[in-house]
Amino acid sequence: MPLLSVEHLDVTYGAIRAVRDVSLSVEPGEIVAILGANGAGKSSTLNAIMGLAPKTGGRVVFDGDEVQGLGPERIVRRGMTLTPEGRRIFPKLTVEENLTLGAIPLRDRSHAAGLRAGMFERFPILRQRRAQAAGTLSGGEQQQLAIARSLMCEPRLLMLDEPSLGLAPRFVDLIFDLLVALRGDGVTILLVEQNVDRTLSIGDRGYVLASGELRLSGSADDLRRSTGVERAYLGIGAD
Amino acid sequence: MDLVAQQFINALSLGGIYALLALGLAIVFSVMGMVNWAHGEIMTLSGYAMWMVTSQLHAPIVVTFLVAVGTGLVAALAMERIAFRPVRGSSQVTMMFTSFALSITLQVIFQDLISPRPRGVQLPAALSQVIPVFGLRIGIIQVTAFILVLLSLGLLTLFLRRTTIGISMRAASEDFVVARLMGIRADAVIAVAFAISGILAGVAGFLWVAQHGSVQPTTGLTPVIKAFIAAVFGGFGSLPGAVLGGFVLGFIEIMLQAWLPQAALPYTDALSVGIVILILLWRPNGLLGTVTDRA
Amino acid sequence: MGGRVDLDSPWWRTVVGSTMLAVPLIVLALLVELFMGATEEQVAVNFFISLVAVVGFGVYSGNSGIMSFGHVAFMGIGAYVSALLTMPAAIKATALPNLAPWVQQLELPFVLGLVGVAIVVAIVALLFGIPFARLSVESTSVASFAVLLIVYVVLVASADVTRGSQTFYGVPPDASLPVVVVAAIGAVLVARFFRESTPGLRLRASREDELASRSMGVNVPWLRLWSWVLSAVIAGLAGALLGANLTAFSPKQFYFTLQFTLLAMLVVGGTSTVSGAVGGTFLVSLLLEAARRIEAALYGVVIGPIHLQAFGLQTLTLGLVILVVMYRLRDGLFGLRELDEVVLAWWHRPRSTPSAPPTTPADQAGD
């Protein structure tokens, strides 16, 4: 049984239909990528799954239960979370406070301190900056914080929206290495990315959206092989 | 020198009341984007509760204080649940009008059910005494006010820094959407914001009514307008700004009262508020405000 | 098709829109004049004066999207300034013995008094408007209360000029029904023309998206300032009319209660259109008059322990009306479109080809 399955999803903002009849599924332990050009409806899809975007049609089933109609604050308690586009850490709160908030969805918060210590181990820079206002961190550091904050609720499914966007190359490497390591730890990942090559090199499967509709899907290898067609299709030159 | 020191205490006491009110307004605004005009009626309700327990039950002062604070808390929570939840998330104009209409409606209800005239609130004579300290004559009520204000601010700071719900509130005021993504429930955060604003208004109501000795339907009106102006002055939505704005407005007002010529005294309120507006000309975002667009 | 270009010019829209509002107003005034008694005439005069004020508020609030809670202060200034300029010198000598001699000697005709009001109110509005124009939207709303507070305090404190909180009396009764009807139609014309003019359009665009407007080079603070001053002047004129209708008043009459009443009228009809201001004022005036009559009928009635006196039924009505509108119809009864725009859209619909969607003016599409 898939961990997440999305069936015939529609997302409408006012008169604008951002996503039309998109279906996808994520099996436990996979890294699945959603690819596509700007405005293809990738972020809208993630937001709708998480209860943040106005979903006008379709079903979202997580771990056997329908989650549509629940707000994000309840969906996150079911065990999936989203690291939003642009990181959106709380800039005036300290690094430590940002992490503390990440643990709110946990049913039992007694081991939150232990989890936080684990995050400091995984992201040593955050330990150094723990008492600093999060807004003073560099972009790459903020992205690490945003992911660490998402991990604080021990999600079974982690969704990430453009985690490498605007980062220096060494941070891009760090983020992709991290995703692979997380899969090793048993976290399932659904990823929206513009960096097609890197994403397909670590991913298991992928879906390609264009103008809000699903155009292609398949294993990462298959998608990579069709890359000539793909690049034109996605409107991407060199990444 | 004596006079200066005494006026200083008076200014701290009055400014403290404005600060508590402004802080309550700013907390609600920061998480909900709502300008709550009915904040003054929370204060008035606390005053009426004080009147009831002192005139009917001759309650001791500590009980009176607790009743005032408790009333503020309950009134604010009830307001949020009954009147404001239907307009949550709508435009600021809608929320502002709703609270404005509620404010006026409550004033009429006080007038009809209690009385249009002031009701005297008798507090122990000890409160209005003056104690000599190093040759200064210091009013007990002013000192009490300042201590209560400091205590409230201190406890609130601890709450916002040390508890998860406090940190959640600060997060919600920065980015409500992502706060929900962290599992923070909007209902809880907004209810807590109103609870805090109610407690602060209760403390402010207690101090105000204790100093004025009476309560009437419009008791909350003037202090809350000034608190609003203080909040704008400090930087709307900024909590330290609200506190600072409240104290500065209190200082301006007391200094004007002390040093204006007799003939100009009736103009005190106009001048103090006018000075604040002039300062806004120089700092449009308030003393501690940053350019923020809540969108 | 040449006609369509004309239809969209600000002048044409102003004329059509204002006429559609003016005709029923004139009919109403004629009906009252011809068929009704003095009480109804008084109600009608009040309605037209309120209309001037509410339309005036709308010039600022409706176009900029910023609610002002301070405009009644300008009405207060208008009432006192007009009275001081037009009152008989003899009455001034007894009522205001400490008045400066040159003011005491003045006995201007009402129209010149209104000119004086416009000048004084414009200056005061500028003084407040300059700092306000740079504040954020919500800060401006909050700060506008300061205008109400400051002007009220000054009116009460300046006893030599205003008799302080005591009743100011002896104002010439210049606000007859024809005068207020002309004033109301004039206010509608000005408000409508401002709304359709380029600055008005830009201001309305800034209401929808301030950042976008600024980035297109629109000087939003400047537009806000001028609409603030224009709307304050209209409110000041309404205040002069109100003063001339009351003939005796005190600063309290230009404070919260009036502000609240007039805002209710603006909100009920919908803040963003002139039609809404007119419709809302009419409806709320009717409701208030009904409440007043009920209250008068019930005065002194004893129900059990409750002895009914002035129990604020009018204020309660206003409060509830606002709450109902806020909970149920956010944009007011008239929504976001002017009466003539609704009528024209309806008129054009059957002429367009059946497959085309109904035309809606693009500038009204904001949600």
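By written order: A, B and C. Residues from 1 in each chain.
We take it that a residue touches a chain if its C-beta (ideal position, glycine included) is under 8 Å from a C-beta of that chain, and two chains touch if they have at least 3 such contacts.
Predicted, not measured: the structure shown is a model, and the values here were computed from it.
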If a chain touches chain A and chain B alike, it appears here: none
Leader among chain pairs (count of C-beta contacts): B-C
Furthest chain, CA centroid comparison against chain C: A
Chain A and chain B: spacing of chain centres that average the CA atoms, whole Å: 43
Geometric centre distance via CA averages, chain C-chain B, whole Å: 31
Inter-chain centre distance, chain A versus chain C - centres from mean C-alpha coordinates, in Å: 53
Residue ranges of chain C in contact with chain B within the complex: 65, 67, 69, 128, 130-131, 134-139, 141-143, 145-146, 149-151, 153-154, 156-157, 211, 256, 260, 263-264, 267, 271, 311-312, 315-316, 318-320, 322-323, 326-327, 330
Complex interface listing, chain B residues touching chain C: 29, 33, 35, 83, 86-87, 90-94, 96-98, 100-102, 104-105, 107-109, 111-112, 221-222, 225, 228-229, 231-232, 236, 266-270, 273-274, 276-278, 280-281, 284-286, 292-293
Contact set on chain A toward chain B in their complex: 50, 52, 71-73, 76-77, 81-82, 84, 88, 90-93, 97-98, 100-102, 104-105, 109, 149, 153
Contacting residues of chain B [partner chain A, same complex]: 164, 167-168, 170-171, 174-175, 177-186
